[in-house]
Amino acid sequence: MSKIAFIGLGHMGLPMARNLLKAGHELKVYDLVQEAIDELAAEGAKAARDARDAVAGMQVVITMLPASKHVEGLLLGEGGLLESITTGSLVLECSTIAPDSARKVHAAAKARGIEMLDAPVSGGTAGAAAGTLTFMVGGDAAALEKARPLFAAMGKNIFHAGPDGAGQVAKVCNNQLLAVQMIGTAESMALGVANGLDPTTLAEIMRQSSGGNWVLERYNPWPGVMLNAPASKDYDGGFMAELMAKDLGLAQETAQHSLSSTPMGALALQLYRLLLKQGKGKKDFSVVQKLFTE
Amino acid sequence: MSKIAFIGLGHMGLPMARNLLKAGHELKVYDLVQEAIDELAAEGAKAARDARDAVAGMQVVITMLPASKHVEGLLLGEGGLLESITTGSLVLECSTIAPDSARKVHAAAKARGIEMLDAPVSGGTAGAAAGTLTFMVGGDAAALEKARPLFAAMGKNIFHAGPDGAGQVAKVCNNQLLAVQMIGTAESMALGVANGLDPTTLAEIMRQSSGGNWVLERYNPWPGVMLNAPASKDYDGGFMAELMAKDLGLAQETAQHSLSSTPMGALALQLYRLLLKQGKGKKDFSVVQKLFTE
Amino acid sequence: MSKIAFIGLGHMGLPMARNLLKAGHELKVYDLVQEAIDELAAEGAKAARDARDAVAGMQVVITMLPASKHVEGLLLGEGGLLESITTGSLVLECSTIAPDSARKVHAAAKARGIEMLDAPVSGGTAGAAAGTLTFMVGGDAAALEKARPLFAAMGKNIFHAGPDGAGQVAKVCNNQLLAVQMIGTAESMALGVANGLDPTTLAEIMRQSSGGNWVLERYNPWPGVMLNAPASKDYDGGFMAELMAKDLGLAQETAQHSLSSTPMGALALQLYRLLLKQGKGKKDFSVVQKLFTE
Amino acid sequence: MSKIAFIGLGHMGLPMARNLLKAGHELKVYDLVQEAIDELAAEGAKAARDARDAVAGMQVVITMLPASKHVEGLLLGEGGLLESITTGSLVLECSTIAPDSARKVHAAAKARGIEMLDAPVSGGTAGAAAGTLTFMVGGDAAALEKARPLFAAMGKNIFHAGPDGAGQVAKVCNNQLLAVQMIGTAESMALGVANGLDPTTLAEIMRQSSGGNWVLERYNPWPGVMLNAPASKDYDGGFMAELMAKDLGLAQETAQHSLSSTPMGALALQLYRLLLKQGKGKKDFSVVQKLFTE
């Protein structure tokens, strides 16, 4: 069993930390929101006074924060948390951030003799609660083997994407593709229905044909086609459109870095921003269907 | 066993007709290319002198032609083939054409007491040869039941998409989505590789994650990821980019009809036209990968 | 002075016919709406009972109709109006229609010994009323010289675009570009204002710089920048978004014909269709600004 | 006459500095490339040993560098050049950089009692040589009045865009619009020519109509339409495609900051990146015409 500092107890971090607790690990937890700390303390975690207190004497540090600036702000620079983490420890940085930011943290950790993995997740809050997240991991393969039991307590699929930063690159590539096929699916659904097709019939034909994709398997954006999908619950729950916009923004930042051309990914970002303008940012990202129907 | 007239013996029609022959049906065949007629005649089909000769006395007529204008030109108008087809016959119009064209043919057939189904296929020349095509069928459900054994001799999945023209609508919706996710996949592959990922690793991560789709399962556009995919054979074989451009054009024609907004589908068409300009129209449609890598 | 049949007295046709009357020509007019006929009859035109009655004995026939199907329906086929027009007459077909439709009418007119020009206009209802329209003319240069005084009574700029159909091609090229720079201008206005710039200042800087265009000169889409622009009148008046969507649809039809790639033009069409979905089709086309601000 | 330090003597900076010399100002110049320093020294400038040497005792400092990172790297942080600039001096930062970077430099300058203007230019190397640049200036209006004679020695149009950073915002808005209308113009030219129009005729019709823009006035992308445009010189000279891609990247960075939706601007960037992939980055940005013609 490991001694783990867990920093960042939001919608994703809290259930992830809980799954580690359930697996028998010793956790010391910290968040800016005291209620989140208290909730886990009531379930057996130790409450930290601050981030520095959380990491003191720990072998493993897990961070789950909103964006690049929070990760860099917490870990890097003079007085940054890396200075307080014990040499030889393992940092699992699970936030979704820019690959460049991840690489900066890798370099700073290495300079202090700390092992680090960038390990963004997919699967949403439901996957975090159920312990079925996917981890896309960048960094040293041996470090991944050490961390595997911890990832396994929180998730189901654990991929070694490649060297430092590769986890983040894999995540933005995957989520860009997800956004493109969500919009593509929504367009074809709207086109077919506008031309007389029954939405459930069309969805089933495409699912079994060369148009098949994860969206059609699990997450159809047309209300009523899948009763458990957010589309059938007024687009509540699931993965918020504003988070998809954030990930598509990271994809464009990554594309800028390599001067890659991604016309579909770029257009997807612009369409999600139209949705945000319309006040639909807190709805599930399948709400993009509404762009084409109302 | 049925007596079938089969008109249109191109890359798709010829192997489809052959599978009907093998299943024991009596065929009379016609094409503008005499060699195609001769080839099937050598295998047991009767050779027709012209389209009118082909349909004389037949119960079933199957047509497999390049585009709307050929179908309308053959069947409709004064002296059109519908005038020569026996009342009570069944026409299976398997070409991929505009839904509006299909509906015109439906109406004309009905006016002459002929049953008709629009039944475009997907699965390509390989599916046509193997008898594993998908049929997306529009028209009367009872007529579909009569035709089912014939479809089953040529294909595997047979979907009733809805009323007259619905087969064509389903086909353009599916192929538009296919094009969008082919390009989306190609973009994410290029983005990941340009940022240091191994293509096979990235492909596998996305395939198992929320980016999963038919392209990643069967048809990866990055050379070497799937040895049997056209991408690994210099993009030869498969489904030609110019045919995908044709289908995307039909999707835009359909969208014009319903004033549907399909930004991803429209962009996909423009990108395929760029490929055609570059002389890549005869390559498999996964050649769109090259837009982003060279 | 000419004897002119004028068919199609809508928002554009009526003021165009009135300007011909004012210039002293003899007009016989027809429209499906009796009030329009009566209005011009009160000003000195002769009222026709139907289209055939309008053209009887006339030297010049001007048509101004909504779309390709109306023009083809009126003029072509058995019983079409071309059969009733005197050989040697001149037809000025001023509707905005597909270049292919225009070429069909040219061919049919030629076959009957009738001269024809395709002569779509730009300038909107204001230009029609003021007699300042632009005519883009396709067809024989000598025929254009004959027609020039008539065009001059209705418009200011008269361009000979080229052979049969070239007027329509020039019109769709121009209007596609107009839509692209309207949207481009709206995007840059919204981007600048969202980042702290004063809209009038930004508009003036771009107008005088390399971003300068007709939209910035005459038709700024940001409310309040130009007091006479539709944007400052709740986007009322001007050129309706649904008409721009029609013209962009013609551009795509033309591009399909030549397999031209027009990514910006295609995207412009999709964005206008989003506006139509939002119920803004009757507003001036500069209403596209609202996509980016609300 | 002012004592001016000029740092950054590239394709733009060198002719700008030369114009200041000609206007009678005293210049001390620095660049990483010794030849550039020598060239101006031969014309009367003082040669600086390094950037610090250049600014010592000067009242005005002008910087003209490639990108945000160079500007921040030179001026900011411990040991940054701002520490060596005399309090009360005026810094004219003429590089094209991210608005956010410009605001950082403004804040740091203010903290040291140094006046600063962000003043990116447009007009290209030809405008720099001729002294006809456009300056888009952000910052204090009084500081702009002090700097006006210097701007006037280098340029013709001097705009006060607004507060700190506003010059950069105006520049990215303008250049995004320029790129959109360059591509839009190229699309319409290719569409028209593919449908039978003469390029010069079409260009002239659109120039005088509602499609009119700066590109059609000065910079037609179709070879042969304007003999002095880069298009008629194999796209040599002018404003390089890779610089347009840089500016469009800054526009997207700015849009990310405000979550603005800019579908046309985003697509323009992706199309320029396709050109860069094709090895056309060093050609004039009107080379985008070739995407649609070859």
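Letters are used for the chains, namely A, B, C and D, taken in the order the chains are written, and counting of residues starts over at 1 for each.
Rule of thumb we're sticking to: a residue touches a chain if its C-beta (ideal position, glycine included) is under 8 Å from a C-beta of that chain, and two chains touch if they have at least 3 such contacts.
In UniProt terms, the chains line up like this: A, B, C, D = 3-hydroxyisobutyrate dehydrogenase.
Treat the numbers as computed from the prediction; the structure is a model and nothing was measured.
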Task: Give me the fewest steps it takes to get from chain A to chain C if each step has to go to a chain it touches.
output: 1
- prompt: Where centres are the averaged C-alpha coordinates, which chain has the largest centre distance to chain A?
  reply: C
- prompt: Roughly how far is chain C from chain D, going centre to centre by Cα mean, in whole Å?
  reply: 39
Query: Approximately how many whole Å separate the CA-defined centres of chain B and chain D?
result: 51
Sites on chain C at which at least two other chains make contact: 255, 260-263, 267, 271, 274, 277, 291-292
Query: What residues on chain C touch chain D, complex-wise?
result: 99, 122, 134, 136, 157, 159-163, 165-166, 169-170, 172-178, 180-181, 183-185, 187-192, 194-198, 201-202, 204-206, 208-214, 217, 251, 254-255, 257-258, 260-265, 267-268, 271, 291-292
Message: With touch defined as at the start, can you tell me which chain A residues reach chain C in the complex?
response: 263, 267, 274, 277-278, 291-294
Field: Residues of chain B touching chain C in the complex
entry: 245, 249, 252-253, 255-256, 259-263, 266-267, 269-271, 273-274, 276-277
